[in-house]
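Working notes, beginning with the structure itself.
Labels run A, B, C and D following the written order; every chain starts at residue 1.
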Amino acid sequence: MLQRSSITSSEADLQTYYKDLDSLHMAPLWTRPDSALEPKSKLQPFLWRWREMRPQALRALELVGTQEAERRVICCVNPGTGRGATNTLVANIQVVGPGEIARAHRHTPAALRMIIESTGGYTVVNGETIPMLPGDLVLTPNWTWHDHANDSDTPMLWLDGLDAPLVGLLEASFREEYPEETQRAKEDIDLSLAKYGSGSLRPAWEQPDAEHSPLWHYPWTQAKQALDKLAETESGSPSDGVILQYTNPASGGPVMPTIACYVQLLKPGRRTQAHRHTNSTVYQVIEGQGATIVDGKRFDWEAKDVLTVPGWAWHEHVNESATQPAYLFSFTDEPVFRSLDLYREQTKDA
Amino acid sequence: MLQRSSITSSEADLQTYYKDLDSLHMAPLWTRPDSALEPKSKLQPFLWRWREMRPQALRALELVGTQEAERRVICCVNPGTGRGATNTLVANIQVVGPGEIARAHRHTPAALRMIIESTGGYTVVNGETIPMLPGDLVLTPNWTWHDHANDSDTPMLWLDGLDAPLVGLLEASFREEYPEETQRAKEDIDLSLAKYGSGSLRPAWEQPDAEHSPLWHYPWTQAKQALDKLAETESGSPSDGVILQYTNPASGGPVMPTIACYVQLLKPGRRTQAHRHTNSTVYQVIEGQGATIVDGKRFDWEAKDVLTVPGWAWHEHVNESATQPAYLFSFTDEPVFRSLDLYREQTKDA
Amino acid sequence: MLQRSSITSSEADLQTYYKDLDSLHMAPLWTRPDSALEPKSKLQPFLWRWREMRPQALRALELVGTQEAERRVICCVNPGTGRGATNTLVANIQVVGPGEIARAHRHTPAALRMIIESTGGYTVVNGETIPMLPGDLVLTPNWTWHDHANDSDTPMLWLDGLDAPLVGLLEASFREEYPEETQRAKEDIDLSLAKYGSGSLRPAWEQPDAEHSPLWHYPWTQAKQALDKLAETESGSPSDGVILQYTNPASGGPVMPTIACYVQLLKPGRRTQAHRHTNSTVYQVIEGQGATIVDGKRFDWEAKDVLTVPGWAWHEHVNESATQPAYLFSFTDEPVFRSLDLYREQTKDA
Amino acid sequence: MLQRSSITSSEADLQTYYKDLDSLHMAPLWTRPDSALEPKSKLQPFLWRWREMRPQALRALELVGTQEAERRVICCVNPGTGRGATNTLVANIQVVGPGEIARAHRHTPAALRMIIESTGGYTVVNGETIPMLPGDLVLTPNWTWHDHANDSDTPMLWLDGLDAPLVGLLEASFREEYPEETQRAKEDIDLSLAKYGSGSLRPAWEQPDAEHSPLWHYPWTQAKQALDKLAETESGSPSDGVILQYTNPASGGPVMPTIACYVQLLKPGRRTQAHRHTNSTVYQVIEGQGATIVDGKRFDWEAKDVLTVPGWAWHEHVNESATQPAYLFSFTDEPVFRSLDLYREQTKDA
């Protein structure tokens, strides 16, 4: 009868054997501890408070120029790993002073910007000027040229989200400097919004590449209006309330193949049902006051705070206000897990 | 050496042979004329004038009730075939009088409505109330329940577009009467628009069936705004000017698997380059005055006129006004040709 | 309260009205009979017997050359419509005499050949020579060049299946004569089979167009072996027994966008459960003896007989032999119905 | 005029600033070195020789039982990283002794086996018994139950390929022990091969999940035959010779969403053109003798040797034999790069 075999070897023999293997660049698998039954992240959930981040970001404005720092960016460091916000994503604060530019370049890591403070700056993406107003989502997908400029008289601050750690892990990081400091921009402002911003209508004279969204600007006015309207009648998802996914209008899918973006409204007093999924998520509070409980740990947040939730961590949200809705923006590596058949989700029984 | 063979038979022998075949429900292929090198439609291009159609539609209001006619619909009959507007599509005028309803049913032919005159009616699609204002596109896709109602004090008139001839050719026509005269509608008005109307944002708590658009209402205000904005800087397609496709926001594709819808703006004085394609098209003028030349024949149109262009017919448009843009809505069986690998397009050299 | 309206008009008024409409190329919809609740085909199920067809096909060999008939083809005429086997498909018998060729051409209708008798002919498809042996399926998809030749000393007979009626209905029929009588063929025989015939391995140095199968030859030896092997342990589909779909190895889908092909084995004594679907089907018996009951009418078949089953007709198969399996080849317009969201299927309760 | 700003700060001020950031779990981005213009892997290309690996594998048979080691597996350790063969893939040697089993479990990392030595063992995948013969490729995709057994009287040895490092990086590793030591296997042996092994025919009575291949066994006999046949007339890819991709017959795509498998034949004397791509690859020589030059470093290989080629490393192959073809099996994370829009390829000019 076929069965598992059992052999008792002396520790000395085994050590000799392992040393021999090592000399051949080989190693036994069986001496490693069994992998866990389910993921246990080294990442910690963590909340970065805007009231602490903002002064530090403005301080950078005084200490470092965009000559010295190609991008004046302050990174959120996960206390569990000492690296990015999650294993695949960074969440950074970028600041551009009045009259300043951040020079043009492109790279394979895909980026998004959630604008926090701005009275008039813009990003140029592949020659198209995109205005940046608070709450707007601006995309600079994989390998698109982009430079930033602030032509207002107040500093601009925004949240940068990138998949740089993922691209780094995959050793697929390419980078190129633009031959000039800035791109020559077309005259038409916000052309991608004019072409694709209505979402359900699109130019018939061009065939967008479906890899990433041809729309690079998702204005907050549009998102807020959609959320407010739906919140009148819909309760949305048990785990997330009235939650909308920003989509690639050419495919109906996520905005970029590595990053999905969401915006959600928690009605006054709403407490969502805890769930967890394999993908990790970074939230930024757009407006409101509330809390998120992650694996039993409570994080009280207010406007502009940044919260990271590791993959497979239980999390639930609560809007503590009895009168005001809370709006949360989030970005996540969910499309990676879906593409690779590694997506799983679980909802906690009530 | 292998070669084509030649045999001379007597006509008598052949006739006997053909008679024998016939008795066995068989027939020779070689007695049929060779098929043409390219399609030659029996359809005629034709223009139905609104100034002639409108009075006839209103006359129906006096002569027939929605009790007598489940739908009070007048069909455009192609002079070349004596049937629908094209071989696959019908273009009809429907009229609903003040206080009237058209009872609820569903069918496999897919339908669209381009609203011509209305001060307040609505369609209920699968329990959702959809307002109908002039220029709005309303969908009732394959097998969706729908009833119409006019709660205003003026008649409603609209253009019905359906793929009924195609579904008939394929013998796939199913129909069902709703158990009651009208559907019980949800309280929320225009829910599909609230959920999917921004196009680039969509509810994350439901997964739309990608077969047809989950959005059933494409308001004219949105389409006109997008066209006007783009026309400021873009010249659009050589053959069509600034032309937008209405899309299924869940897929970025056509609104229904058998029918695609477009809306285009011809700038004052614009003359497009002639082209032809295998799919057939029905146009309705939303606003403006101009002409379309189809296979050398000129059709002068004005607001609300309906024009049919057969497949593989050369056509070009001209906006005759020096000051006013022209807006054309159109629907076409293009997705059928694309799905079945029968789509071809040709542009006439200048 | 909104309700259906009722109007009593004089017949004279109505007739005047209808005449006026007619003069404007318009017509009332409400005078037409209601469409049926489900499809009722004008097609009749019908069986063409090989013992009757074969002599007629050979008779053509004596009466008509391939000089006179570009293709020496005898069509199966549906008794219900006087046209092809179904509304979308033709099923024809083609015969090529020893030493003969049928000259090269191409057309948008897609074609397949199920070889009935052959001791050595071949088809050249886009320059590739494809041997034709009994039971082999050979494809000449939309717009591929093809010529046939018989270099043996016996006549070749095969079943031609084409979507010509469908392409005709859609007015998308294009045709082109090859500049010479035959294509110059590459030296490698059966190259598509060498490249794609193992199905689960494919050349990495070329990217096949996914529209139709890059594999043009499906040998009977391979199909029979797969069926026999599976029949040892599997009962297959309740309605069809052990049934395999010929697939496009580049996509896993049907062999062509308009036609799917199947081959099935009915074990001795097997009687399948009746079902119906919107797509129409043409069967050819490869081996065996049995019957198919279509909408209550029984058709007893034997090897090489051709049977047409209209869409939405109930049908069940029975293998009357107690010892021999029966093998049925079939082709169907199913992909058209699936692409256009018109596919429906129903299984009769036992 | 907008421009980059320049600020000179004292080192002391900056250090104070950076310390403050650190206390808030933040960090400046600009103090990090610029990322490289293109990937520069820490991985080293490396060759593990079978004549060195084999004795070590057999030695494990004497020193460790499958009771002690759930899998008796020896890992190839990349000298550049001290971990797996590449950043995303492991290449291990597994040995199962006569009469032994390796107990049933499942996990989210996807696995493949390329059989090296075997006279009769098998793997049970989701209840289906799959024979394992030299050169066979056997898949145990993400979350499929699998146990191995050797019912022959010689040891079995094979190469294990898994995406475990990738799944680890993404923190999506789930694992489950089967309730019993082995699965109860169905009677039919090699059922997935019977159903899907012909590749261009598939059961119509079941709809395979397209995530990964429904075919779990790709016999060497089939692959070798296809390669030999094609090599008669085809030169294949400039960079890889006659190379076939093992495909998922349900989709025509890679066998698993994270791993693609290839097998290639290098004709006697063939030297390929150097190319590089972002994905990393592990090769195993099935038969033959030759060399691969990776970024200028030459690796001479013979049968069963294992070679790892990091992403974006130039590599070219040469078959040193004047008479014998060489056969190389390879597996790669290419589908990950394609799904995430990170695939790039470059061919070196001759």
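Convention: contacts are C-beta pairs under 8 Å (C-beta built on N, C-alpha and C of every residue); 3 or more make two chains touch, one makes a residue touch a chain.
Predicted, not measured: the structure shown is a model, and the values here were computed from it.
A.B. asks: So which chains count as neighbours of both chain A and chain D?
C.D. replies: Looking at chain D and chain A together, no chain touches each of them.
A.B. asks: Determine the shortest chain-contact distance, in steps, between chain A and chain C.
C.D. replies: Counted as steps through touching chains, the separation is 2.
A.B. asks: Which chain's centre, taken as the mean of its Cα atoms, is farthest from the centre of chain D?
C.D. replies: With centres defined by C-alpha atoms, farthest from chain D sits B.
A.B. asks: List the centre-to-centre spacing of chain B and chain D in whole Å, with centres computed as mean CA coordinates.
C.D. replies: The mean C-alpha positions of chain B and chain D differ by 52 Å.
A.B. asks: Please report how many Å separate the Cα centroid of chain C from that of chain D, as a whole number.
C.D. replies: Here the centre of chain D sits 42 Å away from the centre of chain C.
A.B. asks: Take the average of all CA coordinates in chain B, do the same for chain C, and state the distance between these two points in whole angstrom.
C.D. replies: Result: the chain centres lie 30 Å from each other.
A.B. asks: Can you list the residues of chain D that touch 2 or more other chains?
C.D. replies: Touching at least two other chains: none.
A.B. asks: Quick check on the complex: what are the chain C residues that touch chain B?
C.D. replies: 2-7, 9, 13-14, 17, 20-22, 24-30, 34-39, 41, 43, 46, 48, 52-53, 56, 59-60, 62-79, 87-88, 92, 97, 99-103, 107-108, 142, 149-151, 166-167, 169-176, 181-182, 211-212, 257-258, 278, 280, 310-312, 333, 336-337, 339-342, 344
A.B. asks: Hey, which residues of chain D end up touching chain C in the complex?
C.D. replies: Result: residues 187-188, 191, 194-205, 210, 213, 215, 218, 222-223, 225-226, 229-230, 232-234, 236-237, 240, 243-252, 262-263 of chain D touch chain C.
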